[in-house]
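Report on the structure given below.
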Amino acid sequence: MATHANDYIKPELMACCGAREIKDNDLVIVGTGFPAMSANIAKYTHAPNAIMMQESGVIDAQPKRIALSVGDPCLNPGAAMIGGLVEIMGMFLQAGMVDVGFLSGSQVDKYGNINTTVIGDYDHPKSRLPGSGGANPIGSLAKKTLIIALHDKRRLAKKLDFVTTPGYIDGPGAREKWGLPPNTGPQALITNKAVLRFDKDACEAYLASYHPGSSVKEIVDATPWELKVADDVHETQPPTSNELRVLREILDPGRLISIYEKKGYV
Amino acid sequence: MATHANDYIKPELMACCGAREIKDNDLVIVGTGFPAMSANIAKYTHAPNAIMMQESGVIDAQPKRIALSVGDPCLNPGAAMIGGLVEIMGMFLQAGMVDVGFLSGSQVDKYGNINTTVIGDYDHPKSRLPGSGGANPIGSLAKKTLIIALHDKRRLAKKLDFVTTPGYIDGPGAREKWGLPPNTGPQALITNKAVLRFDKDACEAYLASYHPGSSVKEIVDATPWELKVADDVHETQPPTSNELRVLREILDPGRLISIYEKKGYV
Amino acid sequence: MNKVMTAKEAISKHVKSGDFLFIGGYICRSPFSAIHEIIRQGIKDLTITRSNAADDFDMLIGAGCVKRFIATFLSLGLYGLGRCYRRSLEKGIPHKIEVEEYSNLSLPMMLLAGAMGMPFVPVKDMVGTDLLNVKSFMGENKYKMIDSPFDGKPTLLVPSLNPDVGIIHVQQADESGNAQIWGIGGDCQYGANASKKVIIFCERIVTRETIGKDPSRTIVPAPKVVAVVEDPFGAHPGYTPGFYDTDFSYGYLYQQASNTEQGFKEFLKEWVYDIEDRSAYTKHYIEKLGYEAFKKLQADFDYGYPVSYAY
Amino acid sequence: MNKVMTAKEAISKHVKSGDFLFIGGYICRSPFSAIHEIIRQGIKDLTITRSNAADDFDMLIGAGCVKRFIATFLSLGLYGLGRCYRRSLEKGIPHKIEVEEYSNLSLPMMLLAGAMGMPFVPVKDMVGTDLLNVKSFMGENKYKMIDSPFDGKPTLLVPSLNPDVGIIHVQQADESGNAQIWGIGGDCQYGANASKKVIIFCERIVTRETIGKDPSRTIVPAPKVVAVVEDPFGAHPGYTPGFYDTDFSYGYLYQQASNTEQGFKEFLKEWVYDIEDRSAYTKHYIEKLGYEAFKKLQADFDYGYPVSYAY
């Protein structure tokens, strides 16, 4: 049986939460940081046949170091296939073959919509962010999207300044109305305090589990919308010692993940 | 100066007529037989920078023997680029980059429309032919199409049993009406008796030159429509000794071209 | 995941009567081993497609496996019209197949669209011709003409295709199906990737490490693939660059045999029904036509340069 | 035809103020040598495009060369937001550029459509979001929603793009421009082929015979190409598989410098304006950052296998 470790940092727990959403044989489109670590933890534990791809054109890379971008040199040698954006975003994602996509954002609302374009007014931005990149198509077309966010009332937002990437848009029936593929959409919102899941009917994020050290009340207070709480709400399972071993010994011996602490993931 | 040879067969003359329609730097989509020989004669004489491509995916092949199909093994080693149908028919032809395409057909009408699909009724064919293949897109999209045909009242037809490939369709304005690109369409119809060219306004084939040994009258009689004759109608220039040298010594030392005599090109 | 199996297993497990098949090849890498196995297993009512079909499609039609054909072209090349194709359409022997006519621009684009998850794709050919006037089993969905919402110009849209099974023959693949080719592509890459599942026939199974030494050569990645069959000489009488040449003499044999219904039946018996697999086929070829003929087909060596992906 | 020339000649001859440029690269093979030359020549009012832009686009914007940007994304990756991009949009320094927002599915498909001669292409993303609500210089032609004539479903169409000039950096090309790559492709192939003319920057010019040893590696054929520039190390601080690694330290230098308008100006003076060409750039790099740093970037050797196309 897996034993649970006590000495971990929050980004490690979050990476493990992401890993647990991945099933064996899943096709996972990954970026850098959390997503890459989550997918790799899954691959080294319960999902050995999961296959990762990067939008730049890479399938089943065999990097010898942590990739620092989705175009990182270390993704080239040893991959199963390398093409370009059209092969990954078209031939896999738009073709409906991608099971899991990871997203993060500067603002996320209760429907799992995400803003990575602008803070403030679009034409007179307070802060101009990078834009969609692969986020919109991943949020539109991956079967399950997993969203990573900081848990405060600025990042979890009542109303986004700009909807870059669709979650459930404005609620039940909206994805269908816009013609997005059936059975797609956000599956979990993983924050530094909790795992929120999405109610199939209401299309709204509710509290599924609170991380060790946090509480239902703290989380409800830190959420800008009236957060619903699952009947079976429980503490998030801490990283198992096996998950941590994989993460620290195989995937990230340099502990790059600790930079997320500096970014507020505590 | 080029001197003219007297000892040639009709298919050789026809290949030279085709070659003379190609300009230096032209991009030429070629099949086998005449077209390949015409394009190569041009390349070895007045159009050294013409580049040939085959619809199967090949650009600037360097075959060491005569290619017997557009997918022939000899087209692979030494080519400048090899992709697939999408690269040639899409990235070159549909993108408007192909200057010259060669076509042949079992029936050709005065507008340069071609039938390679069926003789007789479509649903109850007397003879089922191969179908369009690359012919329709070449006839639709190449800037100039050169048509090769036998000159008799069956092959040159008043009405086609099936229009596989567009020439000028039903006359002036038709290509424009259907949205085909401007400045495309048949340029010459090269038969075993004559070179017919297309009148820009009437979109109709007229007699431009008669091959040595033939006559205006013979050609008019062998044409099923009322064939107009150019004011400056003249004898077709015979193959030059240089053209024949290239054809016989470099391109086709085995004289495979003579099989066209058996097919009626006399 | 190891997906290696015999041709017999791959076809019986993944191809059933009534399926819609994309079968790649362009004289280059024709999957003859698969074609023969489909005929041997008596699979019927297939819908088949490829741009520029040849002797392999003619044989499938003659053997009675085909109900429908999404077509651009079918001929025996150097050897003229497809005899079985003609007999089917002109005389209903063994039965009349249904043909939907496209072109070598439109059909590859429909497969590209299928591979890319597009619902349809605009193409610039076919207009003004009888290719738009004849409609068969695809009916009103063969194409649609619209006025472009951008500039109002008449624009032809053709639907994407997603065959049930794609079958291609490649130079090399690993056990999980990462498939690599070099040389003439035809419509293999998009046809295979448009298909719901893919069967890879290959000259050689190589390790995953070999694939990873040159991943830009991969045209179909493992997640699309359900079976991998190692069948050397499997594209004969077509060719495989770097492995063997086209067999023009055998092409003539087929032309002569298929000239008559009886001749075709005898040809099928000799080269398909009485043959168990590609190994038996190769053995029969050598016995019948001689080792010299076999040896003459083997490709010369003319190797290029390796590249490095390291950093 | 020999199209080899210097970067200076290629840019001055083929890129003019007001042009629409596709500039390829994805950290992998970023054409920095071309970017620097465009800045040095003071070319203005450009419309630029690429999926996933990075430091090179940030620099062009900061240098005041850009009027319009057909965008999906711009960041410095590991080093955060693009400083010049932010200053342009937030503060109008040096001026406010116009941005048309797409995504990493839609834009590559618009380039594919441009390369293939399609007028537009259907895509399945962007719907239901503000990406459809903001329209800039493309106005009503940014996209069109139609009901599919096949099944009546709402379908988003985006227009094809045909830039005036495409600029990419590749591993090798011959004198006439046949350009070959291996490794991550980004949107280079379709972006370049969608362009009316293409400038190829390469690590090495090779013979036409070398190209012909492996023609399946060619992504842009000579007829599309107007200039070939041999600029080794030309993608630095990006990388070229098989040649050199990404220079993360230099990325940090750029981030720090571009944090302020003044710092960015000094950076441009040092690394662009006061530098004549890639040779001077490489020399300056070695002088400033040391030969060890330069040497460390050079790629390991880990060669794959050659293949044969013979028959």
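The chains carry the letters A, B, C and D, assigned in the order they are written, with residues numbered from 1 in each.
Going forward, a residue touches a chain if its C-beta (ideal position, glycine included) is under 8 Å from a C-beta of that chain, and two chains touch if they have at least 3 such contacts.
For clarity, every value in this text was computed on a predicted model and none was experimentally measured.
Undergrad: Tell me which chain's centre, taken as the mean of its C-alpha atoms, is farthest from subunit D.
TA: Most distant chain from subunit D: B.
Undergrad: Counting only Cα atoms for the centres, state how far subunit A is from subunit C in Å.
TA: 40
Undergrad: Per the centroid of Cα atoms for each chain, what is the distance between subunit A and subunit D, given in Å?
TA: 28
Undergrad: Please tell me the distance, in whole Å, between the geometric centres of subunit C and subunit D computed from their C-alpha atoms.
TA: Chain centroid spacing, subunit C to subunit D, equals 37 Å.
Undergrad: For subunit C, write out the residues touching at least two other chains, lowest number first.
TA: Touching at least two other chains: 109, 116-118, 123-124, 153, 155, 182-183, 185, 213, 216, 239, 241, 245-246, 302, 309-311.
Undergrad: Could you check subunit A for residues that touch two or more other chains and list them?
TA: In subunit A, the residues touching two or more other chains are 58, 73, 76-77, 82-83, 86, 90, 93-94, 141.
Undergrad: Judged by the touch rule stated earlier, which pairs of chains are there in contact?
TA: So the chains that touch one another pair up as A-C, A-D, B-C, B-D, C-D.
Undergrad: Tell me, which parts of subunit D touch subunit C in their complex?
TA: Residues 109, 116-124, 141, 144, 146, 148-151, 153, 155, 157, 159, 171, 181-183, 185, 210, 213-214, 216-217, 239, 241-242, 244-246, 299-311 of subunit D touch subunit C in their complex.
Undergrad: Within the complex, which stretch of subunit D touches subunit A?
TA: Going through subunit D, the ones touching subunit A are 26-28, 51-52, 71-75, 77-78, 81-82, 85-86, 89-90, 101-106, 108-109, 112, 123-131, 134, 153-155, 182-190, 239, 241, 245-246, 248, 302.
Undergrad: Can you list the subunit A residues touching subunit D in their complex?
TA: 55-58, 68-69, 71-73, 75-77, 82-87, 89-90, 93-94, 113, 117, 122, 125-137, 140-141, 162-166, 169, 174-175, 178-181
Undergrad: Flag every residue of subunit C that touches subunit A in the complex, lowest number first.
TA: Touching subunit A from subunit C are residues 1, 115-118, 174, 178, 193, 208-209, 211-213, 215-216, 218, 221-224, 309-311.
Undergrad: What does subunit B use to touch subunit D in their complex?
TA: Checking each residue of subunit B against subunit D gives 27, 49, 51, 58-60, 62, 73-74, 76-83, 86, 90-97, 141.
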